[in-house]
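Several structures are given next for inspection.
Below, chain A partners chain B and then partners chain C, in two separate complexes.
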Partner chain A sequence: MSHYAYFVAGWLILIGAFGIMRSKNLIQSVVCLAVAQSGTYVLLLSIGYQWGGAPPLFGEPATKPNLHVVDPLVQAMTLTDIVVSATVTSMLLAIAIQIHKRHGTINPDELNAIRG
Partner chain B sequence: MTRTVRYVVFGLGATGIGLLGVFAILKIPAFGASSHPYRDASIPAAVKHATSNVISSINFDQRGLDTLGEESIFLASVLVISVILRPAGHETERRELSEGRPLDSTVLGGLVFLPIVLIIGLDVITHGHLTPGGGFQGGVILGTGIHLLYVAGTYRMFEKVRPVRPFEWTEAIAAGAFACLGISGVLVGASFLANVVPQGVFGDLFSAGTVPLLNGVVGVEVASGVVVLISKFLEQALTVRSDSGNPQGNGHTSRETKTPDGQHP
Partner chain C sequence: MLSFDNATAMLAPIAVAIPIVMACVLLVAGRRLPRLAVDVVALATALAMVSLLAYLLVAAASGRIVTWAAGWTPHHGYSVGIVLVVDPLGAGIALLACSLTAIAFLFSVRYLDAVEAHYHCLMLLFLAGMVGLALTGDLFDMFVFFELMGAAAYGLTAIVVEDESALQGGINFGIVNSLGAYLSLTGLGLLFARTGSVGLPQLHTELAHHRPDALIVAAFVLVLTGFLVKGAMVPFHFWLADAHAVAPAPVCLLFSGVMVPLGIYAAFRIYWTVFAPVLPLGDVRRTFLVLGAVTAVLGAVMALSQRHFKRLLAYSTIAHVGLFLVALACLSVGGTAGALIYVAGHAGVKGALFLIAGVMLARYGSVDEYDLYGAGNGQKAMGVLLIIGALGLAGLPPFGTALGKALSEDAASAAGYGWVPVLFVAVSALTGGAVLRVAGRVYFALGPMPVERSPMRARGNEDEEPRLLHVPWTMIAPILVLLAGGLIVGLLPGAHSVANRAAATFIDSAGYSHQALYKLPEGIVAPTASNWTGVGLGLGFVSAVLACCVALAGLYGRRLAEKWPVLREAYGPLNLLHRLHSGHVGDYVAWMMMGLAVLAGFIGLPLR
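Presenting the complex of A and B:
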């Protein structure tokens, strides 16, 4: 099946969203978001894949530059994606700490009071 | 919204997105095909600037502006976390901590692996334009590797070895240096973040022009940023305590309004 990798990516994004939806713990929600984001890594890398392609790294005299490699552009985008994902995760965890301090709970179902 | 309603709403939305995704996936080019126009364009551009690692060439040379944005995102997130996690008015930092001693095997492991991890981090940064790796990856290795000292020692000892203030300065200076390297391209008459440094021989350590310089700057920034970031979380876990002993004195109200099953009233 030639589209298998794309379906894995879509499945990861949806199952991550499902986890966020049913989560009863903010830390778990953050981890589920990381799962959903990893779906985007799989999607990007599978778009750039080529059967039998080498990594896009060259060095003389071992490998002369050639075009029979996997797409480097999506790999560079995946790196950006991972950096953004890491910063988002760290910020959400910091917010979870503050929520626990102010409300005494990290269960999103119990966070129903609006407080200034 | 009860949990059942939430499940139904999610189910409808997920089914819709899932179906759209299936239709979209069936139409896109097959996995592993050989048509990659961006690859065909970016590899000659990387070779022209003597960069062995095409991914580094894209990140720091061909699309350097995007990476400036990326490291600004990182800088901003460290800033935001420093603001969110600062000790509030009702909190104080405990000065004395009752800490036990780590196991002898932990101390030995930490001290053996610390130099190894630091050397690997520096290696990943300095060879970012030749082999897999670069400033972001090596910076994370360096920034987290320093914390082996914390694992192998006590927090108070670690705080003396790693004062946060210089790392905050280093992070800001390194982030500015990236922009300055970009502006230097404008000053010599080329465009912003242009590769104006002599590019050397393909595959050499001193090749690829500005790519290793930007890699180094980003490495320093990410390493210092990670240290500042982890220090804020460690402070929260270890030293910051509320004065009243009760989270802001109103931590219980949300529990009182809770209805059975955790449903909203």
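Presenting the complex of A and C:
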């Protein structure tokens, strides 16, 4: 079962990349990029996940801390990753809008201003 | 509790924070301030960063500066904290980034007089990303700074669209680079799963006695892919020319001068600190020698066959990145020192050339070599500057490029690769010759008038922006400063010895880890050596002379081709090469996946 998460992560990254290759629409390309990035969320979270583990909260000195916890570090990394994703996606969507304004199309097959 | 060792250690995080804070200040206050005030504040910030990084560079020369953020210092060599490790090479490239940013701000005062404070804000965020990437000792922070740098760069590429037909360059740049960064993050995840840490010093200790199994190879290939995409190694290079064709000239100065070399820097930083003890040296060396040589040749051929001057310069950057890779691939002190000086000299020369391209665009409204035939006849002074820059690019002594080239050739010959000097001379001559050809056509009207002029550039276009009639000093001074900088790198006495020491510190992976985790003092012994050798000087002059021949052949070559039709047959493969650079982002991603497989094959197959 735990291997399944890694399989999903790899599949998301590859299908995202494949989507960009085949895309006929730049908005779709940007979303495919976000799909590829969600593969990294799944990978990071599944690396730190412990079956039956508790949340990583150590606060009450009276109770004996449960040391069988999920890894908080990868969760923090995933959160940072999501912030990065929001920044990059918004920036790229803004450029896609600019392209539509200037060229009247967002199909990468029809954009052939730069060659060679 | 303050657990910084001393005040110097505190300066490293401050160097990353200053540009971010000032970017926020400018974003808030920029609306109310006049443009001149915004320029002054931005320039002052960049200059303050230059002095701060210069101080850090001098301090790092006597030993790496290690800062554990928020006092999470290691206990018995173990820490979950985040670390900044400043060594001379890292501080040096960060200093280069700050200096180029200051020059770019000065150039933008008149060049980009229509932009608002957003531009300055993005430039400072870009600078923060570059400085952070150069100084951090944590793999995850590298990813974050890489993306900060990337997001700012995507915005800057599209902020003022210089070539209205090519906005797609911005989005190609963004998608390809971000996908590369996510592959790096995937590799980082694999490393974390194996070792439980993401700090470079900790990873070094964890992997030091490890077997190079499939997971390590996969992690190495994935982590490096992102940074090599930024470093524009073939076949990850496609985005570079597209982005440079669109971005404003002062932004191109930063892209070519420091952002692209920074990608290579990060890749080799990670190789040396994390993977050097695990992966066999010979495999890594072969990989980067081959891919670097391919990159250099492809970049040079593509540069020679461009008529769009900014794309020409972009491809010449790819060619020189290939040379840096070859030099670094020697995996020796000499090669790394050569690459270091080469990068510094190249930044000055290539930056000046990009700014001259900006001046051309501002004055004549185009950077097309054919359309501008004879356009600069009255401005011979700018033409002379362009020729000086072109000869610098070709490696004419005593430019820094020539010194870096000579040292790299030396190191490669010493390692037993006799073909490397030939490659360096040929690539320098081809790229320098291409720029010389442009100078000859545009400023001196040499050669026959080209017949294929673009019809869309007909005279009397009403809605065009008013052209610059007089080039202000804020645009000339940066060009002169950059050219002088490129010269000084080659003339500084002891530059070779200083670079040797920086390189020896850079490749001392065990020392990096031990100093960060156990505070052991470093014991770097680096050979002192004189700057110039007879062979180096000779090869420098040879490549400059060859560049002149290449330029003459380009200018008068049409007559030759009419005489000998055999020469026309070279156009077939060249056209194929041009068609491969299709401008389609899907194709670029496909090439990237292929590159990933090639890298994995190079590293993984010999290990079976």
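Going forward, the second predicted complex is superposed on the first by the 102 of 116 C-alpha atoms of A that agree within 3 Å, B and C clash if a C-alpha of one lies under 4 Å from a C-alpha of the other, contacts with A are read in each partner's own complex, and residues count from 1 in each chain.
Criterion: a contact is a pair of C-beta atoms (placed from the backbone, for glycine too) under 8 Å apart; a residue touches a chain by one contact, two chains touch by 3 or more.
This is a predicted model, so every value here is computed, not measured.
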In the superposed arrangement, does chain B or chain C reach more residues of chain A?
-> B
Could you look at A:Gln75 and tell me whether it touches chain B, chain C, both or neither (first, second, both, neither)?
-> first
Quick one: classify A:Thr105 as touching chain B (first), chain C (second), both or neither.
-> first
For A:Val8, select first, second, both or neither according to whether it touches chain B, chain C, the two together, or no partner.
-> neither
Using the touch definition from the top, say if A:Arg22 reaches chain B (first), chain C (second), both or neither.
-> both
Name the contact category of A:Gly39: first (chain B only), second (chain C only), both, or neither.
-> second
Report for A:Val30: first if it touches chain B alone, second if chain C alone, otherwise both or neither.
-> second
Kindly classify A:Val84 by the partners it touches after superposition: chain B alone (first), chain C alone (second), both, or neither?
-> both
Which chain A residues lie in the overlap of the chain B contact set and the chain C contact set?
-> 17, 21-22, 47, 73-74, 80, 84, 87-88, 91, 94-95, 98, 102-103, 109, 111-113, 115
Chain A contact footprint on chain B (complex, rising order) | 3, 6-7, 10, 14, 17-18, 21-22, 25-26, 28, 30-34, 36, 38-40, 42-43, 46-47, 52-55, 57-59, 63, 66-67, 70, 73-74, 76-77, 80-81, 84-85, 88, 130-132, 134, 136, 202-203, 229, 232-233, 236, 242, 247-248, 250-255, 257-258, 262-265
Within the complex, chain B is touched by chain A residues 2-7, 10, 14, 17-18, 21-22, 24, 46-51, 55-60, 65, 67, 69-76, 79-80, 83-84, 87-88, 90-91, 93-95, 97-98, 100-105, 107, 109-113, 115
Of all residues in chain C, those that touch chain A in their complex = 80, 140, 144, 147, 150-151, 154-155, 158, 161, 164-171, 174-175, 178-179, 182-183, 185-186, 189, 192-193, 198, 241-242, 245, 302, 305-306, 577-579, 581-587, 589-590, 592-593
Given the complex with chain C, which residues does chain A contribute to the contact?
-> 9, 13, 16-17, 20-23, 26, 29-30, 33, 36-37, 39-40, 43-44, 47, 73-74, 77, 80-81, 84, 87-88, 91-92, 94-96, 98-99, 102-103, 108-109, 111-116
